Each structure stands twice: as structure tokens, then as C-alpha cells.
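Which chain is which? They are A, B, C and D, in the order written, and residues in each are numbered from 1.
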């Protein structure tokens, strides 16, 4: 077990150009047994805007903020203290779950999705990863393959870029690394899902705090964390929401005529040995929060 | 209201070549207030095979049959009597639901999926359908456009064919018509889902009873039926399962080394005016069963 | 016959970062019976660079400038006076050439190419344009369809964008309009080629002088000009080179580590009635220079 | 030097369903200094059909048979004796030609084409093959990579399948292997072209005589032979025509309503030591016929 306390602050700023803009935000920290949220504040600058927070998935503790904004400036600000309790295991002890034993609500994470077209990758994935020892180590091998065969480059992809594009062009951002890893996992029948969350900012220059996209793979009846882009310290990643791929879990989906500023994300890890809160560090152990 | 009684029989035949074949079948009629199932029988020829039926969605009355088969011959046979009660409305009275009023579990049916890449079709869909009167008539216009711009040809597509391929190549089977209609609906913010079901066999030669793929669009807080391939009489279509696209709702998903025979589907419509059971006929009215 | 005299100036500026940069430029005006070049000057700022001009096609009067540059600043400047003599015909009198009568060196312009995948557009092209009256009017109908169904937007496409992408996304720049028109022409067996040239700048704000991409279609044993983007006055377009698509005729192909400035293009039309030089104007007549 | 004598017979059989069918055949053996043709016979069963043979490229000795057929049965039969004189070199001695020294008519074989989208493969090709020793060995490494990473399966591809599809799906026929090898070569600036020819039938069961697709790469100012599908003995391959990819060099291009039989190809290698004619054998030497 590894316990991490994160202080999170997200600020999203927009200029609404016409009446009738609808926003669906996914900026609340997921609230689960493995990741508990306290001292949560949400402020919306438009006092007359209508908004409400709903569960998009009660099981997964995932929330959605719906907001109908008026023309003009809009600032949405979210702060929270989040305690993450990592289940830590020796990866060699984490087995794959045979397809026949997969719960039905997990089963659909082996199907192809918009940006993770696993249905076209069977031959490749089987020839590359099919012979490997099954278990967490195989998912890790896929993660490592993606990290070492794709280059990270800012602005190298667009919203419609998919795992196939990334496999061909070998360049992308964290979202693209995640999509390719997910597609390859599914192609060998490993349920894999896309996580949108935050990266706590392991190094100020290379990876400041930011929204982050990473992967969870279902192994040993848990969802284990993987960061195929290699840009984060997984122990410090915080989950906002999960889905089949980026189509499901944009941090903001906007309907209407709106100009967006660059989002501002701050994350601080609170180290306090007295309370058991560690500093996030790289580890070779398998991590899961659900 | 229109009431239809259907007698359904599905026979699936396989030769399992190696131990350890897993099947996930989606051949049970959905059991909902609008489509009630009675006198259901399932038989599996392998007496030693393990199988069980689970709800894949309790809300939608959709079931999944999991089966672990032994090597050798396998016959799975399902029979049911299904009563469908169509909600029948004047399409001119069925309005669209503004995005802001969509329930969260409906909202994700406007997102792109594996075979319905609506994210690349915004410009086209808006220029073609954006100016139309909103409501059921707009969904119908999309349905009609797809039917009249795509040609039906047996075996003209493969499992990986997507809505974009169909838009380019203008040829397909019912699955492809459905994917293209769904993608175009989502591109104008109409929630649309893929239905796998049966076509009761309106004409013995042109459209014998068979599995069928069609579309439901969320309008006026109901899901309305559309058949963009134009090969069925919608009133006689019966629902097995729904999903974002064909990736979610194959009638059979098979893991293992298996040879498949052509599935056999029989559907009869029981006309009995005394009980109120009509014969399925083409109608210009809007139909919904959920 | 319409005669146009253009004064052309092209300036390309680079910073070569490492030794060993090779450039292939396509910036010489094509020199043909229909487009004659006089008073041509080429200057290369690096006095020690090796360069030579070769014919890339003697038949088509197309030239290629090869240049091996040294590290540092590089300015390539080309000036020419170009007299274009348009063959002007009533489009109603220009027939298509049956495939069997196409010269072999024209025949390959009905085959698909990198960015003009006509092989996937047969059904669409035939259903949309197959029934039209054959001849220049059909090519014009394709040109008009592309212009009216695609939106011009700066920076909306990248180097790998193809006709299929443009057909799906309905947005592009002149290159994309040209690719889509070419693909559709070939799909109905009309030989079509890509032209890279200049747009003389019909209006200072909307279309300043610039490199331009347009289309020639083989009709009545000539190549006729079309501007599917609708951004130029065809009578003022000047040809640098032709090819199957943009893969063949980039104005600059660069091997090595080089930073590029925005190219500067100046084109002036010299009106001089005494010499017979007209001002380029829009016309409903069919134009050809070869 | 290795000399091979081949006896070639090609029979193509069609049923022309409507008047006005045009055929462009590419079934004449190329006639070059390295591959000389003697005793050539062409017979066309329709005595009233118009046909003629033209050079599609005089330089390359490539011919095209144009034929206008009448409705009914059509048999086109071609026989020839072909002497192939292979230039045989130690591959370690064959260097690459720097881009700056490429002849202009070779240069365009580094550009992307319909089925060889090298423009999307730079990162992959450079990371996989960029660091290798330059020369014939690098082209051979690309050839070997394609052969070992793609599986040969009959009917696994269609006419629109491209190198990108093959890279993703890892399965194909000889045409697909050739396209992928070509695309990867071009991505590292190696000029590569597609050859349509015959495979002399090294083993009666695995590879009977048939049309074959293979690759030539420009190295050391010659075009060297490669067979990425690994299904032929390169010394026994005979060239019909070359092009950028399969779009250029189909053995038959048909305009009109026609039913085709399976083509029949017979090739015999004449071994006659007295004349210097060897039996084609596998060799580790580099082979070129042009």
C-alpha cells in the first residue's frame, strides 16, 4: 500500500460568444475507496449560469459538471484534496483474467473503440506480444513497446488522431500513447481503458502539472495503472474519469460558440510521513487504485 | 399503439476444433416493457458444456449467453414468443431533445465510436442536414439520404468497414447503412445507437428472416426506430441488443478455434385481430418501443 | 485566343542548419508553345553553392533546379516574363476523348495516385456525375461540385491530407480542392492532372499573388484548365509543373536540416492592348494552354 | 553474370458482355539489353477485334497491348522466349546513390504513390532502418523485415489495399509485400519501383508459375531485384512492366462489361549449360537486369 495526498486546482477560462453554450466538464476527482476526495470546492464565475454536478458513473465515483453559460467571460475553478491509496503488488504475481471469467461490464473493454481499433491489430499484436508470459508483465511489455517506439512531440496530433495513425507515424502526445497501448492490449484480449486525470508534475520543466491521459488494464480482477507516454510518475497520477478512449472522457465538451484559454492545472503532493503520505516515486511494483 | 407478436427461432451451429472455446452470444430477445418475451427456450447440444445467461444490461432487458464449449459439434438453439408494443406517433410532433436536456446515459450516444466516426463528419453533416427542421423529420431525412446514396450489395463489406468507408464507397450491407446513419446523426448532436435484431422477412426472396442491424435515435425522450437500409418493415423488427455500434453487439463473439455455419433465423408474425396482434406493415408514423 | 503577359518574381529564403542540404526546386515557369518565357533570371545568394537547372520534362517544358547548399542563409530568387496564349473554346464544343483513343502517356492520368484515390470513388462519382452530358461540361460540373461542397480554410490540411480526407471533412486549401476534383474526374475515366503554378492575385486581400494548385483535364485532345478552389482567375494562372498530384510537384523538396521562411510571390499582369495583352478576367469559355 | 532462358506462355480468357469493351494489357515481356525477347507470338481469338501493340516506355522496353473487343468469347494468348542476363554483384559492394546524384527520372521513385504512402512512414522507417549501413544491405534489411513481419495469405487483400493497411494488418499477397517494401525504401530516400512480372514456378505446389509482383531498388546506378514476399526465386523472375506501384502496371485494365477467367501462366526455365543457360537458383548475390 502506498498513500499519496494531492492538492489539486484546476482553472478553466472561456469567453462565451453567443447565448446558449452548454458545457460538460469532467474535472471532479473520482471519488472511490482507493481515491477519496475531501475539501472539494467548485466555483463558477457566472453567478447566473445554471449548473449542476451529476454522477456519470456512481460505481466509479465519476462526476460530470453540466453548465449552461451566458455570453461573456466564464471561469470555472475546482479545488480538492485527494487521498490516493495505491494497492501495490509484485507484478510477477498479477495474472491475466481468462476471457471466460471476465465480468460482463469489463468484457466490453476488449472491444475496439473510436481511437483504439484493436480489430485491425490482431496479427501484429499476437506476433509481437502473443508469445509473452501472460500477466502484468505482458501489459508492461506492451506499455514499454509503445513508449520506446513512439516519440513524444507537442502538438503532433489532432483530435481525430487514432491508434492506427500513431502506429504508422510513431509520434504523439500522452493521449496517443494511451490509445495505442489500449488497442494493442485489446488485440490480445486484455481489457484496457482510457483514463483522463492529472499528472502531478514530477519535474517542473519536462512535465509540469497538467491534464494527463493514461491507461488501466484489468488484471487479477483489478485495474492496474500504466503510463505508456512515460511522462508521469504513476504514483502521482490522479483519476478524473475513465472510458473506452478519449471520445468518452474529454475534460470539457462544449456545444456553442466559445473561445477557450489554455487550462491551468496545479497539483501538489503533500508529503507527511506522520500521516503515512508518501512522496510519489517511480516504482517497479504494480499499482492499482480500483 | 401497434401490437405485433413474433415467433422467433435462431439456430447457430459450430464445430469447435480445440478445447477452450468461449462464446458470448447475444441471441435472447430483449425483454422490456415495450417488447415482452414469453415461452423462451434455449437448448445447447453439448450437454457437458458450461453455460449461463446474464443480463448485459438490466435496464434495457438485454441478455448475454456465455458458453464454454468442448471440441466437436455445437448447436445453440433459441426460441421465443415476443410481443412488441409500438408507441406510434405523428413524426411531425416528435421534437429533438436539446443537448443540455439529454440524460447523461444518453449523452454518450453523441460521441464517436469505432465504426461511427462522427468527429470527422461535422462539416458534411451540418451542411447537408444542419439547416433542416429539427425533430424526427431530420433524423428521417438522414435515414433517407443514407438509403438513397448507398447501394445494398451482399458481401460488399468486411468486419472492419466503417461509416467513413461507406461514405466514400457508397456500398454496403445493413450494418454499414446503420453505421453511416448513426455517424451522421451524432455529427448534428442527435444521440443514435446501433441495434442488432431480426428482420421478420417481409418478402421471402428479397429479405428472408435474418439477423438485422438498424438504428434508434433519441427524440422526444424516446428511442425511435429507423431502418436506413430500407430492407425491413420496421414494425416487424425485433431487438436483441443495443450499443454504440457493431463493436458492442455482435450476435456471437468467439474466442478459440471454431468453424461456423451460416446462422438460421426464422421469424413469423402472428396476426390475430382478436388479441390485437397486427401484421407488420410499412407506416409513415414514428415508431418506438422504448 | 487570349494573350496574357505576366511579370513573375519568386523569392525563397532558408536557413541551412547543417552541411549537406539538397534542394529540388520547381520554380521555373514552364516553357511551352502556349506559355513562353523570356527575360528569365535566377539568382542564388550562396555564391559557393552548386546548382543547375535541368528539364524534368522536355515535352512539357518543365524544369527543375537542383541546389546543394552550404550552412547559413540562402536566398533563391527567380524572375521571369511569361506570355500565356490561351486557346479559348466554347465549352459545349469540347468533347471527352474515349478511353480507347487516349494516348498512352495520357492514359496514366486516369489511374489513382497518392492523394487522388479514384479507385475508391467509382460508385460515388458514377452516381453523381455518370449520367451527365459528356464533355467539358461534365468536368466543369465536377469542378463546381467540389467548389460548392468544400469550404476553403487556411491551414485546414496537412501534407498527408488526401482527396478522401477532403471528401469526408469538406474543408481544405487549393491543393485539396485540386486533389478531390482530380480523383472524381479519374473515377469517371477523365484524365486529370495536378498543376502547381501561380495565382496572379485577382484581389489584393482575398487572393494575393501566391503559389497555386489547380487542375487540367484532358478533353478534345487538349488539357483544359480548371480552378476548383474558385480562388483564382484561371486566365491569370501560370504553370510551373504538372504531375499526378502534389507528390510529384512540390515547389521545393528539401533533404537536410533547413528552416524555411514563408515564400514570397509577386505576379503582375501587364495589360497592353497594342501588343494584344489582355487583363485576366473570369470567362465562361474553356481555356487551354497545351 | 547469370543467364537464364525462359519459355513463357500467358493465356487470358474473357467473356465480353456488351459492345465497346477496351482492354489495356501489359503481358509482353519487357525487351531490354538485360532481358531480350525472341520468338514472340501474340494471338487474339476475335479475328475482327482491333488491336495494336505500343511502347508504353521505349527506354524500358515495356509494351502495352490495346484491344477493342466484340461481345462474346475472347482469348488472348502470348508466348515468348526470353533470355535474361543478370548482372551479379557482391551486395557489400553496392552503394546507395546520394539524393543529389539521382537522375531526375529516378528521383520521382522516392515520392509517395497511391499504394506506397512513404510520406507517413518517415519516423518509423528512420528509426527502424535509418541507422543501418547504407547500400544494398539496407535495402535487403528492409526486404527481410517485410518478409518476416507480414504473413502471406491468399485473398487476404483487395485492390484498394495499401502499404499502410499491410503495415497495420500484417498480412497480404505478393503485391502487398512489394508495396510495403517500396514505401519503406522511399521513406529512407531509396528510389524503389514496383515490377509486375512472372514467377517461374520454383516449386509446383507452393509457387506454381504465375504473375508476380516484386521490387526494384536503385542502388549503385542500377535497379536491383528484391522479392519481399519470399515466394519466388529472383533469378527466375521475368519483367513485364515497372511503375510506381500496382496502380501503374496491372497486367490487364478493362473498360466495359466483361467476365474474366483465372489467367493461365506457364513458365519453363531451359537449362542448357552449352549455351550458358543456368537453372534459376537462390543466391545471396545482388541481381540486376537494368
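The rule is simple: contacts are C-beta pairs under 8 Å (C-beta built on N, C-alpha and C of every residue); 3 or more make two chains touch, one makes a residue touch a chain.
What you are looking at is a predicted structure, and each value in this text was computed from that prediction instead of being measured.
Novice: Show which chains lie in contact with subunit A and also with subunit D.
Specialist: Shared contacts of subunit A and subunit D: no chain.
Novice: From the C-alpha centre of subunit A to that of subunit C, how far is it in Å?
Specialist: It comes to 46 Å between the two C-alpha centres.
Novice: So how far apart, in whole Å, are subunit A and subunit B when each is placed at the average of its C-alpha atoms?
Specialist: That gives a centre separation of 32 Å.
Novice: Touching two or more other chains, which residues of subunit D qualify?
Specialist: 120
Novice: Go through the chains and record each pair that touches.
Specialist: The set of touching chain pairs is A-B, A-D, B-C, C-D.
Novice: Using the touch definition up top, name the residues of subunit D that touch subunit C in the complex.
Specialist: Its residues touching subunit C are 22, 24, 54-56, 64, 66, 68, 98-100, 104, 107-108, 111-114, 117, 119-120, 159-160, 189, 247-248, 255.
Novice: Name, in rising order, each residue of subunit A that touches subunit D in their complex.
Specialist: Contacts found on subunit A: 120-121, 123-124, 127, 149, 151, 164, 167-171.
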